[in-house]
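Labels A, B, C, D and E are assigned to the chains in the order they are written; within every chain, residues are numbered from 1.
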Amino acid sequence: MNWQLVLDSLGPIALGAITGTIPLTLASFSLGLLIAIGMALMRISGIAWLSAVARGYISVIRGTPMLVQLFVIFYGMPQIGITLDPWPSAIIALSLNVGGYAAEIIRAAILSIPRGQWEAAAMVGMSRGQALWRIVLPQAARVSVPPLSNTFISLVKDTSLASVILVTELFRVAQRIAAPSGEFLTIYIVAAVVYWVICLVLAGGQDRLERRLDRYAV
Amino acid sequence: MPSEHTDAAADGLLLSARGLHKSFGENHVLRGVDLDIAPGTVHALIGPSGSGKTTVLRSLNGLETPDAGSLRIGDLAIDFARPPGRRERAALHRASAMVFQQHHLFPHLTVLGNVTIGPVRVQGRDRDEATADALALLDRVGLREKADAYPSSLSGGQQQRVGIVRALALAPSMLLFDEPTSSLDPELVGEVLAVMTELAADGWTMAVVTHELGFAREVADEVSFFDEGVVVERGAPAQLFGDPRHERTKRFLQRLQGPFGG
Amino acid sequence: SSGSEPAASGEPSSTGLTLEQVQEAGVLVVGTEGTYSPFSFHEGGAGELTGYDVEVITAVAEELGVEVEFQETQWDAIFAGLDSGRFDVIANQVSITPERLERYEFSTPYTYSPGVLIVPEGSDITGFDALEGRTSAQSLTSNWAEVATDAGADVEEVEGFAQAAELLRQGRVDATINDRLTFLDYEQSQGGETGLEVVAETEEVSESAVAFRAGSESLVAAVDEALAALAADGTLAEISERYFGEDVSQP
Amino acid sequence: MNWQLVLDSLGPIALGAITGTIPLTLASFSLGLLIAIGMALMRISGIAWLSAVARGYISVIRGTPMLVQLFVIFYGMPQIGITLDPWPSAIIALSLNVGGYAAEIIRAAILSIPRGQWEAAAMVGMSRGQALWRIVLPQAARVSVPPLSNTFISLVKDTSLASVILVTELFRVAQRIAAPSGEFLTIYIVAAVVYWVICLVLAGGQDRLERRLDRYAV
Amino acid sequence: MPSEHTDAAADGLLLSARGLHKSFGENHVLRGVDLDIAPGTVHALIGPSGSGKTTVLRSLNGLETPDAGSLRIGDLAIDFARPPGRRERAALHRASAMVFQQHHLFPHLTVLGNVTIGPVRVQGRDRDEATADALALLDRVGLREKADAYPSSLSGGQQQRVGIVRALALAPSMLLFDEPTSSLDPELVGEVLAVMTELAADGWTMAVVTHELGFAREVADEVSFFDEGVVVERGAPAQLFGDPRHERTKRFLQRLQGPFGG
């Protein structure tokens, strides 16, 4: 192990995490969750065409590699006249991706809430929208935290794919440092450690959130 | 206390249902149900499992939509010849308030949250005012000190009492109870029935589906016996329990007493 | 010449490899990308592995009297593959740099190529001094990024020349610097209609060679000898002419 | 779109799927599930050190990029004297990965089975092992199918990372085809379609499995 | 029929428990419980919620481990002075079979699968033989035609009867029932109590936690009244219900009759 190189690379890689990986993850996950809620609702709406659209979306997003999705958005869309910068492209591709995976999780969670909760909400006078936001989704959150954290943690590492469309993040920085000397293995291990630290923080957050939501465990 | 807008119509009834029909797929569950409830009275609905009692009660609250028939509660009149719109269903939700068998409290809200969410979020009442009213109601059922607890930490009887307070807080013109004690431990049944008896004494109009014949006998003003989707017999409890006219009613009452008596 | 090398033949190790060991194994294992046209790629995309580097190293192995076996991997794994003994040498346009010389040994170069400055047709950039403040797309695999940076350009890193060309055509970057050879090949594959043009050539010439683990002196010497022989008998020139229409194997 | 190229590439890419992507996915998923069950059981064993080992494993696997895990196994381990061939290395790395993600899913599913089921099994005379295999896991399967299928479908596409350790699969074939012509966008879209077809088949299997397990829905 | 190996010891008892203690954390739930059950008799356990009835029953089956005391069932004797090992707990599971309040049937197995999994997978009996026995038992409780159904498609009363058959099929030396009817609709209670009455008549040894005082009165040979972790009073049902000696027993019996009688 070339310890000098390890030390020298740590700073730039951590900086790449702070300026690239972390903001990209946070932006894409928040947007992706909104998309996922929308898609989950469309799938269970009972309205055939809405449900079909959501099914198609989820199928394509989950079924094709994110790398290709990034390429199509960044290199393909200019051919039909839409040219986006790297960051918007990356956020769009990543959040569409989160949307596809999380939609299934959220759909399952919503369906796991007993019908009685919807009915009690209606009895109290709530519209379906109010029932969803105030009664059903808060309870669905509890069930979906562990699988959503799988998605979140995957996303942290998937952001590295954004480097193919010119976004500079943790992994790209690592590649840049390794390229002149060829010490990819060493530098990649350093990068892995930085990813790990990020994921430890997230997993800690997950634990805390789970405990908080367990307050009202049935 | 019952809300002020308890309006009796020309016929002197608060609620009047005529010819309610409802099918689930092939299953013709309600086959022409009539129901009349005068303001300030307690109406008990009894009958065997599957006879349609719950379906009727849910129809009154707008949770189920009959295929035919008509319904009037206060000054709200609905003909089910054509399916009611969202507005009409919302009006039905408002007209009465339901206490569910499984209570269906909102587990992520505190007791106080459960009671005030309707008044504050739906009816748009002032939060402080609604909270004060809710605490007063909780006090009445002996649960004021549980205001900040979550439902999961309450006993079944306490949960059911919170369910009743949640319904009361909506200030409906009538209360609907669907077997409010049948999921409770025998020892907890008493506390819930006691609260209901008080409400009846206060003059609330109530429709109660129940297997507690004792309660029906003592508290109800009128009893309807359901079987296979129709009201087979109705009358004052003394008459219906003491001297049932129909064979089916007799058989049901015997069966419910069970092999080892009550 | 050897005898001091501890590693037994065939057993991968992170120490150097001797000629003896290779001869004993009867095979030279070569790491290459397989997706780097025209140096290391598959015929027509799905056919046999071929390319300038592939043919050169095949000829070298023949001179050494051993078989050649290729292992294809991604660029970022190629040095790790050499370090871990997954292959004996790399033949993939590895340019000789000071950093790499610290860790690896190199044969005499078999490719000499100047860098060219490529811009969209009609661009206002006409030379390296016009790069100041502009954006240049550069592959991580090459060393031309440094030239671009030195000229004051902002560098965007891309995976390969095809992406750089796409970005240039879409007007999302202003220029790219790459091997002249790479551009020539690209032009050929596009039937000449690239919409791009070369406006300048670097002083500096990149030298690519076969890369070895440190401690492979006897093998390096043998490969150098083989390259010299192939140069002398015109084989290298012949291969080069076929790919580039000129001899790039000599400075 | 260069349709001739699309047509010519379809065969080799599909072949890459059949000889690389699909067997790699199937082998890694089966092994990974076994690892996941083991890790999930360790985590809920109540034995402190077993539980800590499982936690550590899950944390490291989920927290670091699979690319780096592949690098370490294939290029790092020879430096300590362990040299594995590409396929075994890929299967190890991928199944360790599946093991990490699926462990959390299976743990949650096992915990969702009411304690009464364990007790009824004990009453009937079963050992804890029997109760686990005959009573609890079959029921946990129902809850965990949707999130596991997320993991499965991700795995299909993650196999493409194995190309860095000399495994030839779908995506590597696509890269090769794209190299001489430079038409990476077109070729990558073809690859995406092939991935999509594989995932459609999987999603169909998921639906069928869910319906079958729903037979005894409570 | 009860299994043959029902062995009475020298004292003529099938089961004898002495001084059972159990704490959950701070909560001292059993405070020295004694219990004697003669072979072929029905012993009813009654008492208020939280008094420890379920905990005792679970201790008898090895599902709970008392902190102190001793227990003998047939020729199996266990002293809880030191925690019983895996073997001893398995022997306890074998000695008796339990019918749970919430039945806890295995939802992924058919009715027949639920009944035969113990005999076949645990006791290693021949599958065909065990199946024949299981079908005969199911026939007895009127559920033969439901053998291939899944539990979720059965009514509560049917599920509880399957739970009883699952216990019977294990051929235990005694049966334990934990409020087997308290989660049932009032109309379904009868069918389960009827089956239990028949089993008692067949000579099975049974310990039954129940709130059904009618059943205890008619069917039990002996009744133990629990309160706060001890047996306050035991006796024949006629004596204990007709003329309870302890104040606590009296209060409990009144409370259970409830405000509206039985």
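Keep in mind that, in the parts below, contacts are C-beta pairs under 8 Å (C-beta built on N, C-alpha and C of every residue); 3 or more make two chains touch, one makes a residue touch a chain.
For clarity, every value in this text was computed on a predicted model and none was experimentally measured.
Shared contact partners of subunit B and subunit C, listed by label: A.
Number of steps on the shortest path from subunit B to subunit D, with steps defined by chain touch: 2. Shared contact partners of subunit C and subunit E, listed by label: D. Ranking every chain by how far its Cα centroid lies from the centroid of subunit E, the top place goes to C. The count of contacting C-beta pairs peaks for the chain pair A-D. The greatest centre-to-centre gap from subunit B, using C-alpha centroids, is found for C.
The distance from the centre of subunit D to the centre of subunit E, with each centre set as the mean of the Cα atoms, comes to 46 Å.
Chain geometry summary: the mean Cα position of subunit B and that of subunit E are 36 Å apart. The mean-CA centres of subunit A and subunit E are about 52 angstrom from one another, to the nearest whole unit. Among all residues of subunit A, those that touch two or more other chains are 75, 184-185, 188.
Residues of subunit E found to touch two or more other chains are absent.
Within subunit C, the positions touching two or more other chains are listed as 76-77, 80, 83, 163, 166.
Taken as a contact graph, the chains fit none of the simple arrangements: neither line, ring, star nor complete graph.
Interchain contacts (touch definition given at top) occur between A-B, A-C, A-D, B-E, C-D, D-E. Only residues 48-49, 182, 185-190, 193-194, 197, 211-212, 214-215, 217-218, 255-256, 258-262 of subunit B touch subunit E when the two sit together in their complex. Considering their complex, residues 61-63, 89-90, 93-94, 97-98, 100, 102, 104-109, 117-118, 121-123, 150-152, 166-167, 170 of subunit E touch subunit D. The touching residues of subunit A, when paired with subunit C in their complex, are 75, 78, 83, 163-164, 166, 168, 172, 175-176, 178-185, 188. Across the interface of their complex, subunit B is touched by residues 114, 116-117, 119-127, 130, 134-135, 138-139, 142, 215-218 of subunit A.
Subunit C contributes residues 12-14, 34-38, 41-42, 44-46, 71-74, 76-77, 80-81, 83-86, 160-163, 165-166, 186, 189-190 to its touches with subunit D in the complex.
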